[in-house]
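In this document, chain identifiers A, B, C and D correspond to the written order of the chains, with residue numbering beginning at 1 in each.
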Amino acid sequence: MSDLADLYQQVILDHNRRPRNRGKLPTANRVAHGDNPSCGDQCSVYLRLDGDRIGDISFDGSGCAISQASASLMTVQLKGKTAAEAEKLYQQFHDIVTTGKEPEEISDIGAFAGVHAFPARIKCATLGWHAALNALKGDPVPATTETHKD
Amino acid sequence: MSDLADLYQQVILDHNRRPRNRGKLPTANRVAHGDNPSCGDQCSVYLRLDGDRIGDISFDGSGCAISQASASLMTVQLKGKTAAEAEKLYQQFHDIVTTGKEPEEISDIGAFAGVHAFPARIKCATLGWHAALNALKGDPVPATTETHKD
Amino acid sequence: MPTWPNVRADFPVLHQQVNGKPLVYLDNGATSQKPRSVIDALVHYYERDNSNVHRGLHTLSMRATDGYEGARTRVARFINAADPAEIIFTRGTTEGINVVARSWGHAHLKPGDIVLATGMEHHSNLVPWQQAARASGATFKFVPVLGADAEGGLDLAALDQLLTPQVKVFAFTHISNTLGTINPAAEFCRRARAVGAVTVIDAAQSVGHGPLDVQALGCDFLAFSGHKMCGPTGIGVLYGRRALLDKLAPDETGGGMVVSVTYEAATWKPAPERFEAGTPNVADAIALGAACDYLDALGRDQIAAHDALLAQYAMEQLSVLPGIRIIGPRVGAPRSGLVSFAFEGVHAHDIVTFADEDGVALRGGHHCNQPLMRHLGLTSTTRASFYLYNTEQEIDVLVASMRRILKFFGTA
Amino acid sequence: MPTWPNVRADFPVLHQQVNGKPLVYLDNGATSQKPRSVIDALVHYYERDNSNVHRGLHTLSMRATDGYEGARTRVARFINAADPAEIIFTRGTTEGINVVARSWGHAHLKPGDIVLATGMEHHSNLVPWQQAARASGATFKFVPVLGADAEGGLDLAALDQLLTPQVKVFAFTHISNTLGTINPAAEFCRRARAVGAVTVIDAAQSVGHGPLDVQALGCDFLAFSGHKMCGPTGIGVLYGRRALLDKLAPDETGGGMVVSVTYEAATWKPAPERFEAGTPNVADAIALGAACDYLDALGRDQIAAHDALLAQYAMEQLSVLPGIRIIGPRVGAPRSGLVSFAFEGVHAHDIVTFADEDGVALRGGHHCNQPLMRHLGLTSTTRASFYLYNTEQEIDVLVASMRRILKFFGTA
């Protein structure tokens, strides 16, 4: 159970139970959708880009605790960031979930370090992030965690 | 070697070396072609039907000693027979090559009894016979030992 | 409940620990485990007889050919086909259905025709027909499922309405891999035949789980996978009625299925060779024959009874869990050996991950059944699927594991 | 000649008597034998890890997925593909070529186009292209072979003439299974690319017999079979350049290759999943990875040298037999590890039957090469084909057997 307790940390359970920024964002000017075709997880990300900066952001969808908590936490992390900063944050997040190394600065995204012991769940953790990055690129194709291989 | 000596009896080696009734029959009014697609053996049978009786018959083609000798011997056996008699002779021949039981009356076709120990060669032994029966039926489709399963 | 002494001893894979707990393998709907005799058939083939088939006259090649054609005859007997030539070896159910949808569909479907399937088809018996309809200009329709949790099975009244003479093919699953519903396949075939439609049965979940007789069913085509019936991966069967097969153009072409080839043209052998281009999967076909032997030795009616009793027991035990929603037939109604369920507030993936910690192998997701999931208003379920080696005690382990998970997520 | 100590001990099948004589297996062109490590890979998979792949989150399913995807990566390394996603698992060479001929052919061929093959293609790399040309209205052409006994290989001057901008695809064999000719594949790809043609290499006879690098070859597609390279039956590979694969429509549809499915429509995953509908042949893919390990441990350049030396030795020993006609490259010219020959007055089938009596496994027939046979004025040849476990002593047994047969038939 120690691995599982690492995977399902309190931060994650909390975001899963009480997701932040959930639902359609009425003022969004960018949107992208992500699918995890292996399991049917879905995540839509809505964001309002004010110039180069993410003025507001929300998500919607369904999936496991990992994917929902990750998307919720992501919206918190990305609000107010530029596209370049968002890309950098994703790189950090990706490193954390694939290597299990906690970030240098203390951050909630460190809660996802336990994912690395469950390779099949990495896709769950990155689903929302992929959608957000696609939304930022204004990419019209739906994001899927299968096309963006980890 | 005892099985092989049974298979390649003198009658067979003789017919293979000096095939009877080989070549196109100019007066033929029936013809059919047989293929053994597994190995490329081919046999064409030409026959002149005079009323219900096989007035003359020949064969042409290429193949192993078994198939060539069998076709050669068949032409000898079938000359002068009716279609019904030919069908009956084929049944006898088929019994011989599949069961190895020698025929009651002494006949050269008994030489093919050794074939039954080599199931893969039954097709070789029956190729010419299939073509002859097809020619008798005036069947326009080419005979193959694959479509007429033994 | 029928059980067989020491049947678990026949399956080497079952005797291991997963995450420190005895493996409880309840993912048989995805694939079954293999008895020793099937593994041995592979080893024996490769150690003694391995050779290419059909085109060889030497001893090993004759042995390989006898083994391969013997497996064809064995499978024909297993499903009571009238003729071994009606057995085409494929990679699995999916390939078999694609072969029919492409070859038969290409030759027979035209604009105005209807391709009929059902609302509970696996993607493998749905997407190929969508594509065949699209390629030919035919219309794709499906028989809806009845009840909020699909507990009513297929809507037979709707089927009556849908089965018009425009329907050229009716493709349906014998047993739903998600619901556990057992469809009245013989009746479907009878009704379809009455309007002149060809029938294609997806028997992936049924062939190894109970008696099956293609002549009694009266179907035209039927596809299944070896790996779901104690056989190896990579081998499956497409059954087709001889009269239809001989009129069908080949799907793939190449060595072994031709009579005569020139640079310009080629002619085909009859079935089954016509549909088996290239070197076949000899070893796995032979091992599939061994799987048929294994299942028939236990008795397929006994296996069906065993699986069904386990499913009923699981239904009873699971149904008392808080917030559970079990889909498919109600308790007491006929269902195959599987149970799909969802919990309010806990996702199937999290359940599967936690159950694995207890050694329990489950499947969570859409089960290649996205349209049905959408119809049910779900994105995924957790599925426990049983086979001849499972026991009531294993279901008790499953239920205890579920209780622990619900507790962790604070929903119980 | 490179040999490996005890290499024959790795192959259980070799240690048996056939008709009371030690087995001399010289039918490797049809299929190879399997080392213990490959058989063990199958057993280990079924005894420890067997599960369905991709859609599972439990331990066995993750192990099976890791094994299957690991095999993909291993095969990619074996042929130096740039990306494991370029490796599509198929049943074998024939299926791989059919997938390209159908999917790519359907999308790209139109009337006026030319489909180019060669005069030495196996039916599996000939008939699918004939059919693709016919279906699209394109014209099928082929590069002729040179010399009465095809000892000159392909007519390169004719190739220059034939390779016009109308040629949309050039499909050719790397090594001829009948002649032993080794085609200059990299040069063919270079020339084809210059006119914008896509290249498809039939590597059935080459991949397991020497070094092979798809990037150095510069081909677009390449197909091969596991069973000819120490791997199991039922598994093969289609390599495709990523840029081409991602633009290609799927060939078969069903579970595992879709992103989203409704009753009306479906969308596809990228390669390789797009081309792997249904449950894949997991066990045999993993065992194919073990075969790659085995061959690389011996060294593929060493294997190529070994096979070539055996072929030269066989050529020398056979060439003195009365009435023999050896086809393909002349003594001393490069040839792969096989020799095809015919005797005046004794048919290949009779030879194979007699050789079997001496324990020698040969192939006799048209070798799925009917048009080439016709070109040579033959209906069949006898073929001895060698692999890493064969020895010069075995060739001596072969030659002695041939002498006995010629005597029996009175031609020597």
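Quick note on the criterion: a contact is a pair of C-beta atoms (placed from the backbone, for glycine too) under 8 Å apart; a residue touches a chain by one contact, two chains touch by 3 or more.
On a predicted model such as this, the values are computed, not experimentally measured, just so you know.
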A-C or B-C - the one linked by more C-beta pairs in contact: A-C
Option reproducing the contacts of A-D, where over half of them reappear, out of B-C, A-C or B-D: B-C
CA centroid of subunit B to CA centroid of subunit C, Å: 46
Computed distance of Cα centres, subunit D from subunit B, in Å: 36
Centre-of-Cα separation between subunit D and subunit C, whole angstrom: 31
Interface hub residues of subunit C, defined as touching at least two other chains: 55-57, 258, 260, 349, 353, 364-365, 370
For subunit A, residues contacting two or more additional chains: 38-39, 121
Subunit C - residues contacting subunit A, complex: 346-350, 353-354, 357, 364-366, 370, 373, 379-380, 408-410
Contacting residues of subunit D [partner subunit A, same complex]: 54-57, 62, 65, 85, 258-260, 269-270, 273
Footprint of subunit D on subunit B - complex, ascending: 1, 3-4, 7-8, 13, 17, 38-42, 62-68, 118, 121, 124
Subunit C to subunit D touching residues, read off their complex: 12-13, 16, 18-19, 23, 25, 27, 30-31, 33-34, 38-39, 42-43, 46-52, 55-61, 91-95, 97-98, 119, 122-128, 130-131, 140, 142, 225, 227, 232-235, 252-256, 258, 260-266, 277-284, 349, 352-353, 355-356, 360-365, 367-368, 370-371, 374
Of all residues in subunit B, those that touch subunit C in their complex: 35, 37-39, 119-121, 142, 144, 146-147, 149
